[in-house]
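Please find the structures below.
Each of the next two complexes has chain A plus one more chain, namely chain B in the first and chain C in the second.
Coming up: the complex of A and B.
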């Protein structure tokens, strides 16, 4: 397996997935498994921290596309944080910023979750 | 007096020049069109002390003007569009002063009949107008003022053209970036797919790449394999496609079909899942798969280049999936060949080796199979009381079924050998067993005989086999051993198989063979080797040893058939010492 790893930790009531390394066609299934597991455990407030994510291929982006609807229909969201410019560029190029909250860091993401909740 | 007025004019123009210079620097450096327009309007209004002004931008597509900026009371609102019914000539004027110049201009600002239009233009394009209302003192603009604003308008036009170009460049750059990324995706995936043999994984990666690259949420993928169509992957899809619906989708005329009302009515699944487009995928010029996609999540329409990308990606995935099927087929074939080789070894083991020795007879035997496993059988066995049993048979058909039946016959023979029954009776029993245990299209031609070394008697039964050849030592004509009964396995034994006994003499020659010998074909397959040629060959070589005679026959067949063997060839040659 290539150099890719997901760390899972909990911050308050939020689940943080830290992506490390290269998220490509071969490693996309790892992210899929992690997201599935959280959804199965009814954990829908997910922060994906991309601080150590070096590369993302379209198959990796596809995993986000495939699960965002599920998470949102359950009243949660997937928020992305700490992207390096190279990775952000890919997200931006394909038009992700209009669909996903991409935030500076986890604190901002939590704030966004809180305002989302206050609004709804 | 005049000198002070000159001085005043000079100071004035110096101030205007300075304004022009500063403005131009500010405008040219800006790549923001909004900023440029806003400044142009504010500067001119301030300089000329005009309280109403607008910027009108020309929209060539719609041939109308949009009010981009609007300041002052009673001016039309920003964002409004207006059309003018004026001559082309108007767009070519640098300045039009309403009420002064000879142009019929519309009253854009309520109650103001002395507006001035400054053309914003570059050498190629008409960008729009700067429209200024009348001055506070209701005086028309003087020559000086007109020239000043004209200059500013020209500078601004260049700046606007620049910023437009910059925006366009940025758009094109982004488009190029996306194209490059799409190509990279295709390139990466073709590498990834190449090393993958796991079909499930190829399909999963294909799905995610599609979703990610095009921001797709609704997706399904149908694959046809061995005349069966199956939905292999979905995302965000509910419900199922019936076989008839799949048939409809696969028989769509075009590879790309955008779903319309008529199709939605025919196949409600498409409407329920908000499928927008269907893309047929090909392998070796045949449609073997189909992808359905919903709208893009960012609400952008699919462009033809997007469709091209989806199709390329799909065809790539289908190619890789087909490759896995072919690979599996090849592995299966190799496994079967391996098994056939093992079977061949087992079958070889069923033939006598070494051939039993006899003082009274010079024996040579050989079997050359054309297939990996064959249906020819021969045996030479030592029977009780020093007798020697010879058998030869040919199972109908080729390959594994024939080989199995041949093995069965061999087993029966070996079991019956020590049992004290006559050849005729034994043949009847073998026939019954084969008849009961095999389908009617499977049968065996069979000949067997026992040689008694004490009295040189040879007792035989021929069950429909090519008659063995007997060439007596001093005869010129061959005899054929035909006595016996029906082929084995066609019907149960009604009448007993008849035995015949001959007495062999010194130098008599017996040749047993299967039809692979006489039915060997020449190169054009127009003629068979035939019995006559076999008889001639035997006669010609009658003086040689059995081994040599056998080799001569094989050589003769090979030269006749140019080494192309269609059937198993078995020959036993026996020469009486």
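Coming up: the complex of A and C.
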């Protein structure tokens, strides 16, 4: 059963991954492939839009844990946006909000990227 | 302990069946009268337990099966997952340090913690060749 998909779009110089459906141990490899592809192409300013993400298990969180350091060491970041309360709750249980930028929407994520850059 | 109602399914140990397992759990948790957040918590706890069995007890051997039993009695809703793979020692787990894991580019090792956070009671038993994780939540 196909219950997860990712749409990729570019907004200005940013790469947006839109997650749709359920992210679990079965579907996490799709997210991993998408992130790896962006990193390989030296695209390090990544926004993950979770508006249509209905569910996340720790295997999904694990993908963000495994790649954030690579992206940050290259001067980029993975910023997460548009999470529904149910999905946010799972990130929150593990203390992600103090380790990742979780923002309201893509506009806020772009603003945060711009502030990060001004500060660096 | 006598249970007023029980349901069970047997599924192959494959992540392909995760969505099906979650649906089974959600249907019964809803019928039992849990609110949306509680249903989501139970679904996630069972997902994590089932995923751990696939990865750690059976090491991705899809020929193996996992038996899932759920039952409710009064205000108590409990779910057991049974496998015949490598037994799991829950004492070796503590609260994960996600900051440290990120530094080391490590993933995983957070499922057991989530299960304990999401459910009211979690017990592990091994009898003969059968391992059981039993998770309970009260309405």
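Side notes on the structure shown:
Note that the second predicted complex is superposed on the first by the 118 of 120 C-alpha atoms of A that agree within 3 Å, B and C clash if a C-alpha of one lies under 4 Å from a C-alpha of the other, contacts with A are read in each partner's own complex, and residues count from 1 in each chain.
Throughout what follows, a residue touches a chain if its C-beta (ideal position, glycine included) is under 8 Å from a C-beta of that chain, and two chains touch if they have at least 3 such contacts.
The structure presented is a predicted model; accordingly, all values stated were derived computationally and were not measured.
By the touch criterion defined above, A:66 reaches both chain B and chain C.
By the touch criterion defined above, A:116 lies against neither chain B nor chain C after alignment on the C-alpha atoms of chain A. Contacts of A:96 after superposition: both chain B and chain C are touched.
In the superposed pair of complexes, A:22 makes contact with chain C only, with no contact to chain B. Taken together, the two complexes place residues 24-26, 57-59, 61-63, 65-66, 68-69, 90, 93-96, 99 of chain A in contact with chain B and also with chain C. Taken together, the chain C residues at the contact with chain A in this complex read 15-16, 18-20, 22, 36-37, 40, 43-44, 47-48, 51, 54-55, 96, 98-99, 101-103, 105-108, 110-111, 113-114, 117-118.
Residue ranges on chain A touching chain C, taken from their complex, read 1, 3, 22, 24-26, 55, 57-59, 61-63, 65-70, 86, 89-90, 93-96, 99. Touching chain A in their complex are the following residues of chain B: 174, 177-178, 181, 185, 188-189, 192, 201, 204-205, 207-217, 235-236, 296-298, 300. Interface residues of chain A facing chain B in the complex, by the touch rule stated above, are 24-26, 28-29, 32, 57-66, 68-69, 90, 93-96, 98-99.
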